[in-house]
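Same chain, two partners: chain A is paired with chain B first, then with chain C.
After this line comes the complex of A and B, so read on.
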């Protein structure tokens, strides 16, 4: 395993109380594999990613338990400067909003070149040449001229390409993309996603793709992990999940995708609201919104059951996964 | 860019005329300048009339103003009542005040920005609370209190410095007066930098910089500080003008013969020529500082372009 998160727990201490953002998340990514982490806002998918990168705001954030194994080493036991050396070089992150995530007062060339100056000790001139090369790789036209421009002089899609170039700069083993296409026009989304998928294949990197867009996932992901209230509620290979979800929440998500053959019918929505993370419901966190909920769900937290009867490894945190799978 | 600068410089002409007119009129309504010339006694009417004629004070105000402006454009700012040319007063007073201002601004930049960065990065910790309280105290205490107190302690009681500055006013002797002059602005610079740093520290591009694996000092200086300094630079630029004209109290305390001192004397003696001349130059300095700040803006933030 390239990256293995084991039983990770993160909380935020705020004035109003303790927010339990991540409550025992486990997932793994192999080299060359793409894992899509799916979930609503506030489900803990970004917080998990930030904990992996080591860029959580601490305080108020606190990692209260678990392990993050990267290439066999537990990142949580490393010193800060050892982790810093890994960031950018061995693992990199692509953020959602490229305009605010790029420094407005530095040229894109400076920001790309900085990776080589800091991690590889290159001169500014060599780093500039590398920056041009990178911009060519992500297919930004006229890279030689545009390297001297500032982020605000690029279009949304081009800016996200620069973010991708920055993440790829040192050919890291793992890339975490946190909703990389959410802020883009639909037409540009596909281009950027294709580029990311293509480069990932080329460099044989592991990719953790955080998204709430089920459409994006189907094309690029190998496995899917669905998160709810800071837990993984289902994980499975991408095609299995689309065929037959083993958790009522996943089922709800899939049913809420607009479909052409359902034209004219009311769009399905999961009833209720995501739970308040300061006060997560007892038992299964999803039970207040679940159509299958029984008494057991209100009292017992479901473990991550192994879903048997399929030829692939699947897990579901539902007491009634059988009913869900076949119902 | 070049066009912009030219336009801004041209805008100074009406401001210059307006400012001089306004000050000229204000000094005029303050009263009869001749009345105060003979000390406590009434002036001898014959002498007064002669003086009025000599200084052109018997003419109507508009004519006085036109004559004055005519002279100003030939570089003649008039003479003070003691017979000294106003330009001569300026040439001795402005370098002194300029040195004082430089000392004060350096204090503001070095101490203010440093404290601001330190507290901004440690918001809510003891250092932050301590410095914040201190700035509050400094802002609330008037300059003449801090000035006199420091002069008394350092100059008189402990004898570390000369209590008053010699006429040449070298940089060394201006350290304490510079600090006193800077105190209030220094507190503002600290607070401004602190807020700006604390705000930008949570920004996305700083998170990106951290995610790139940059060392902490590089994240702070290259990414965080440069973005946070934009409001601070604006304040500092405006402050230069303010410090040059507003040093009256500090210059009085430490007996520095700079612009503030001359202005004070001019107002006390109702000397139109001195007051109008000095204030006019100060207005110009103010405008120039503002122009430089606006240009610096574009250097610090490439999103701003002037056309």
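After this line comes the complex of A and C, so read on.
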């Protein structure tokens, strides 16, 4: 397994109290595999990714438990300079908003080339040539001229492709994409996702795709992990989840996608609000919003049950996954 | 600042630094390039896409950045032009005072004390019979030297300490913040009277040292704030996620984005430092005769204001114009570096 997160726990100590952002997340990605991490804002998907990358703001953040195994090594036990050498070279991250993720006072060529200067010790001239090559790679036209331009001179989709180029520069084994297409309009979204998928196949990278958009996931991901209140509530191969979700939260998410054949009907919405992470409900965190909730759910935290009766490995953190799967 | 009429100079000179304005001409090429069936292998055999009509050819638009935008604004700003001319003139006469004043500022003739202007001595004589014109010209050297050196010292010390405190935060930051509070609490004039009265040296360095000592907390606060603001930008986190080290992040990604406010405050402060030197010299704790300084001359001439006002007015006027020029420059630079005013 390329990346394995085991029982990761992250909390933020704020003036108002301790925010438990991640409460025992476990997931894994193989080389060449795409894992989609799905969940609402505040479900802990980005925080988990930041912990994996080692760019969590500490303090106020604190990793209170768990391990992050990357190529067999526990990242949390490495020294900071060792982790820094991994970042960019072995694992890279793509951010949501490419405009704000690019430095406005440096040309894109300088920023792309920086990867080679920092990690490979290349001269600036060689780095510039590499930058042009990379821009070609992500299909930015007239790369030779545009390499001298500043980020604000590019359109949104192009900027995101430049971010992808930066992440890919050193051909890392793992890429974490944190909502890479949220800031883009729909047509450009598809193009960027296709590009990402294609480059991933070519380099046989592991890809962790963080998103709250179920539509983006379906074509690209191999597996899906659904997060709620800092936990994984369901994980399964992508098609199984769409066919028959084994957790009521996943089910709610799928039902709240607008569909053409449901035109004219009211769109389903999961009732209630996401939990306050300073005060997560006892038992199953989802029980106040769950249509299947019973007394057991209010008292006992459901473990991650193995979902049996399917030919693939699936897990669900619901006491009543059978009812959900078949109901 | 007077309103600038908008003059479309170059193509696409629409102001706005971080806006999307510059991106517009390129946005169209996006769709074209992506629709072409793409094999990344052939992509390295570029250029194929640029042949498309409408795809970017050699761009007439120059790369724009905060600095180039600011420079374009400044060149058209009369306040900037006027203050720059005055400052250039001041710098020239401080470097080569003999170009416009042939005499020596220390050659005095008591017989001519307090006399008005005479041929070859347009500003008249002061209480010691020295030529006011020559002394005013030579006084610029001290003022500019003190102003520039003190500002450099303050800017370097203040921005390094402030940037480190802002970047690393935590204990170091709290410590520095308390230290700046202590320095802010020292009254400038009183501090000068106490600290400089024990100095016997007659050079400009004790004065510069004193100004740096009391001036750095101001810049360090500005730098700290600017670094904290810049640090919260996504590109700083992105740079970290791609393996940049602390020093690289600070120097390459944060510093260029945080330096503008420091420059502005430092330029304005330069004028006030010149005034502070004159004040200290006037009070007798800054420079002392035989140094030539506007403050000394103002101090020496003030008892005779009714008999010989010219001996007071010329150095005071020179001081006022110099301070004004630097403050105007700082103002113009601030306006130019603030994208919200465009």
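For the reader, a short list of remarks on this structure follows.
We take it that the second predicted complex is superposed on the first by the 327 of 327 C-alpha atoms of A that agree within 3 Å, B and C clash if a C-alpha of one lies under 4 Å from a C-alpha of the other, contacts with A are read in each partner's own complex, and residues count from 1 in each chain.
One rule holds for everything that comes next: a contact is a pair of C-beta atoms (placed from the backbone, for glycine too) under 8 Å apart; a residue touches a chain by one contact, two chains touch by 3 or more.
No experiment lies behind these values; they were computed from the predicted model shown.
The superposed arrangement places chain B and chain C in clashing positions on chain A. With both structures placed on the common chain, the touch criterion links A:188 to chain C but leaves chain B unconnected.
Residue by residue along chain A, chain B and chain C are tallied for touches, and C comes out ahead.
Of the two partner chains placed by the overlay, only chain C lies in contact with A:202; chain B stays clear of it.
In the superposition on chain A, A:133 makes contact with chain C only, while chain B stays out of contact range.
Residue contacts after overlaying the shared chain place A:143 against chain C, while chain B stays out of touching range. In the overlay built on the shared chain, the residue A:155 is in contact with chain C alone; chain B does not reach it. When both complexes are aligned on chain A by C-alpha atoms, chain A residues 53, 55, 84-89, 92-93, 95, 97, 100-106, 114-115, 118-119, 150, 152, 166 touch chain B in the first and chain C in the second.
Chain C meets chain A in the complex at residues 17-20, 22-23, 26-27, 29-34, 38, 40, 43-44, 46-47, 49-50, 52, 55-59, 61, 63-67, 233-235, 237-245, 248, 252-253, 256-257. Contact residues on chain A toward chain B in their complex (touch as defined above): 53, 55, 57, 84-89, 92-93, 95, 97, 100-106, 114-115, 118-119, 150, 152, 166.
If you check the complex, the residues on chain A that touch chain C are 53, 55, 84-89, 92-93, 95, 97, 100-107, 114-115, 118-119, 133, 136-137, 139-146, 148-150, 152-155, 157-158, 163, 166-167, 187-188, 191, 198-199, 202.
Taken together, the chain B residues at the contact with chain A in this complex read 202-205, 207-215, 218, 222-223, 226-227, 300-303.
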